[in-house]
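Below are two complexes that have chain A in common, paired first with chain B and then with chain C.
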Partner chain A sequence: MSAKAIERSLWALFAAFMIAVPWIIPALISSFWVSVIAEILIWSLLAASVNLLFGYVGLLSFGQALYFGFGMYGVAIGIQDLGLSFWPAFALGIVASMTMALVTGIFAVRLTWHYFAIITVVFSLIFYFLALTNKWLTGGDDGINFALPPTINIGGFNKSLTDPIFQYFFVLCTAALCFLLMHRLVGSPLGKAFLAIRDNDMRARLIGLNVYLLRLIAFVLSGFLAGVAGGLFAFFGRYASATYMFYHVSGEAVVWAIVGGAGTLLGPLIGTTLFIIVREIVSTHWEHHSLIVGTVAILAVMFAPKGMVGLWNDFISRIAERSGAPVGAVELRTEP
Partner chain B sequence: MEKLFLLAMNGLIWGLIIALIALGLAIIFGLLDIINLAHGDFFMVGTVLAWATLQSTGSFWLAFIVAPFIGFILGALIQQVVIQPIRNTAMLSIVATFGLSLILQESVRITYGPTPGRILPPIQSTIHLFGVDYEVYRLFAAVVAILALGGFFLFLQHTKLGTWMRAVRHDREIAVAMGIPAGRVYILTFAIGFALAALGGVVAAPITTVDFRGGVDILPFCFMAVIIGGLGNLPGTAAAAVLLAFVEGVIQSVTDPTVARIASLVLMSAVLLLRPQGLFKGLTR
Partner chain C sequence: MLNLKDVHVHIGKLHILQGVNLQVKPGECAALLGRNGVGKTTTLRAIMGLARRSGGTVEFEGFDLASCEPHEIPRRGVGYVPQGRGIFPNLTVLENLCIGLPGRRDLEREEYVFGCFPRLEERLKQSGGTLSGGEQQMLALARCLMMRPKLIILDEPTEGIMPRLVSQIRREIHRINQAGVSILLVEQNVETALKLCPRVFLMEKGAIVYNGTAHELKSKPEIVRRYLGLSKQ
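Take a look at the complex of A and B:
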């Protein structure tokens, strides 16, 4: 079997599994795990927003939690204070985080590498502390709880995320849409320009690309992904809180993206899955699950420096080699 | 006026302690190209070691020797086990040291416990300074921090090991060709980095709380000092740490601590944007 064929059949299998989750998982394990998988999908979007910047443009952001938080608060404030219904609140969350990404990005993308990493942390810390102090708006550490409005309400037909199966599919569809958009983006001329900047920004500048503008576009797009993740997470927990804007959340997303495989489409999803599943399994048996998570992180970079996807690509090409099919045409390079 | 003096003094002394920790971060970063997300936890381990020494021996003073020593050993071990395999890959170091940070925090939570504790200052007396009763221990902490900073710079400039460290950082290839054991220098650097942070932890322990999350707030502050001071500029890093904490202390005298923190962060973004090469570039020499 060629590498391409293996990949295609795996994709089909993966899609079928994701659709069947609400029925298979409760039968095999328990319905609790359906919501864990939904949570993984949501967080993988935050990891994807890190990956878009780091894996494709070469900018390491340690402040993505800021845009995640704006997505959360946009939804929560929209519903609780402004009385918006489901879709306008979701839109408000996404627009809020994209606007924030634009405003901070105008400054941040003037810098690169260490400086960029630091300034994104600084920005996210500023707004974290602002959210903590302005309790009238954000609820501070306690956060905002809200009641879920219906998602669809046409005539007598009424669906809301309180239905766990509907909630799962809503998250799945949104995440799938985002990853599809990301896939299209990477293949588009814009995506190629991103890669050119990642590999050599001086050369990109010399062939006439507007590096500053392209980085800003990438920054706003990553704000979009983080905002969608934050909005979804607010709906998922019916809750928004400043704690999710702290830099530790950003750091976790960076770890998920790199362990999964930076610069690959599904790397963030795989990294997020690994860490959240380990956390969920261990935390039910042992209070000190962070020890395991930390060990996994260290072992991952020692034994899979190109991430899980890199490990997998090596494995696939070895199989393909053994069966005599031509190698190549697997996924492109993984390291940025 | 008294409040301004008190908070400015507190800020200045806190800045000197931060300078110790940030120097450790700066040498690890400069020499090994490791972005050490666990550095705040090295400080936290220092505060916990101070507490443990006080509990087991009844003497706080012993911690000034014990904690940096244990920190040094731990640092050497961590360098060998975790850092050596991924050296020179800044990207991977972020993940590895993040894992390290989780492990250190959780280990402390298991052994020390999840509730923050306090250590009474070993010097209880106060001294009358400019109209306020100032804690003598804080002045003592400042002296210790200044001595340690001075000692470190003397070590770097005037000993063989210090010269090796500077040489390897300057040009690794040539340093190795000249017969400097680069591998040992890396271990030493990481160990000294940990020891400095642990010493900072001991000095700070009676001023702040002993808590397994104690390093989380320190970390961004140290990174900012390193960047604002200028990458690779060690005196600049120390000066930036003192300046940042001092400014924050002064702002605190007119508003509440969170607003002061926000103000200093805004200031920091301005410095980053206007002088990304560091505040002191071009001022020295």
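Take a look at the complex of A and C:
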């Protein structure tokens, strides 16, 4: 079996599992875990937004929760206050996130390294406190609850996210579409320009790349991913709250992306899966489950700097070397 | 073509460039020589907009480059191959060649570049970081050529490269110059510089102290000794 065939088989198996989740998981464990998997998919988009900036452009943002929050509030305010239906509200959430990313990005991407990290935290904190204090608009800590409008309403056919199976597939399709877009983006000339900037921004300037503009584009695109995640999470919980804009949420996404494997397409998904499953299992028995998250993060940074994906690739390389098969047969490629 | 008039650069309190005057004519191949730390690389960085000038002008084809952002300068026709290659190790050879170019792949230009460096065509899908030092230097030069530059600035292109590849790189620099592209070469290897470049600028303490032909310089060993610290070349 060729390397390509093995890779394709693994993907097919993964796709088949994801499609079968609403039936397999309740039969094997409980239906609760179907919603956990949907939640993992949503949060993995927030981790992917961190990954796009850190893994592909070299900018470590601790403020992605801000755009996640704007995605949530766009949906919630759109439905509750503006009376919008499902799709316009979703679009409002995404546009709000991207606009916010553009406005803050204009200032933030002038900076790099710790200065960039600090300014993203500062923006996140400013808007977190604004959201917390302007209760008339955001509901503050209490947030905004809303009733779900139908997702599809054509003639007599009506489908809403209140149906758990439909909700799961809606989240799965949206997340898959976003990861597919990421895959196409990273393989495109724009993605290669991002990698060039990550490797050496001065060299990138010397070959005529407008580093500032490209960083801004990456920042807005990461705002898009965070906005989609925020919008989905609002639909998922029928709720939006300022607490999700706190930098603690951004920090978690950073940990998920790094532990999963920054600069890899599936790293954020793997990191998010690991931590949310640990949280779900441990939190019922022990309230200090964050200690485990912290310990795993420290161990990962020390012993697996390329994340879980890096570990997997090293493991495959070792097996291939022993068996004499070509290396890279079933590696999770870091870049297309 | 390239005209530096009384260029000054300060880094902190240090006065690095103290009034550099330098001209490169169209089609000319000029060398900028000097001991370590006299300001050669800073001069190149000042041309490319990477070092902020505190005085003087840098004009390219009559246009003051002061009004340009660094990324606009290559687009005006000034190519720069920095010291230490300047390739992107995580991108493939082909990606290194095509990055930053507007629109579709320039196949005609790629053919020209592979004609200059056939070795690169054999390694198109190999990542830049896995190439040898000499191949990386070829890639850096090839990448620069992809932008169809009118002037190429080379900062020590043969540094740390095996002798067999040095002669090939030297040959290609000469061929590029013969094709009408101006060259400004900074080189520690005086022999290479004098072989390639009919015009020579010597630098000392942030200023040009000698501007003449390579032929004249060869007949003035005391100048070579004083400014380059060599008894013969």
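By our rule, the second predicted complex is superposed on the first by the 321 of 336 C-alpha atoms of A that agree within 3 Å, B and C clash if a C-alpha of one lies under 4 Å from a C-alpha of the other, contacts with A are read in each partner's own complex, and residues count from 1 in each chain.
Going forward, a residue touches a chain if its C-beta (ideal position, glycine included) is under 8 Å from a C-beta of that chain, and two chains touch if they have at least 3 such contacts.
Keep in mind the model is a prediction, meaning the values are calculated, not measured.
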Which of chain B and chain C A:Arg203 touches, first, second, both or neither: second
Partner chain in contact with A:Phe32 - chain B first, chain C second, else both or neither: neither
Chain touching more of chain A, residue-wise (chain B, chain C): B
Which superposed partner A:Phe315 touches (first chain B, second chain C, both, neither): neither
Touched partner set for A:Trp87, first chain B, second chain C, both or neither: neither
Touched partner set for A:Trp286, first chain B, second chain C, both or neither: neither
Partner chain(s) touched by A:Leu195 [first = chain B, second = chain C, both, neither]: second
First, second, both or neither for A:Trp11, with chain B first and chain C second: neither
Common interface residues of chain A - those touching chain B in one complex and chain C in the other: none
Parts of chain A lying in touch with chain B, wherever the complex brings them together: 60, 107, 110-111, 114-115, 117-119, 121-123, 125-126, 129-130, 132-133, 247-248, 251-252, 254-255, 258-259, 262, 288, 290-291, 293-298, 300-302, 305, 336
Complex interface listing, chain B residues touching chain A: 35, 37, 82, 85-86, 89, 91-92, 94-96, 98-103, 105-107, 109-110, 216, 220, 223-224, 227, 231, 256, 258-259, 261-262, 265-266, 268-269, 272-273, 276
Chain C residues touching chain A - in the complex, by the definition given at the top: 48, 50, 69-72, 74-75, 80, 82, 86-91, 95, 98-100, 143-144, 147
Of all residues in chain A, those that touch chain C in their complex: 189, 192-193, 195-196, 199-200, 202-211, 335
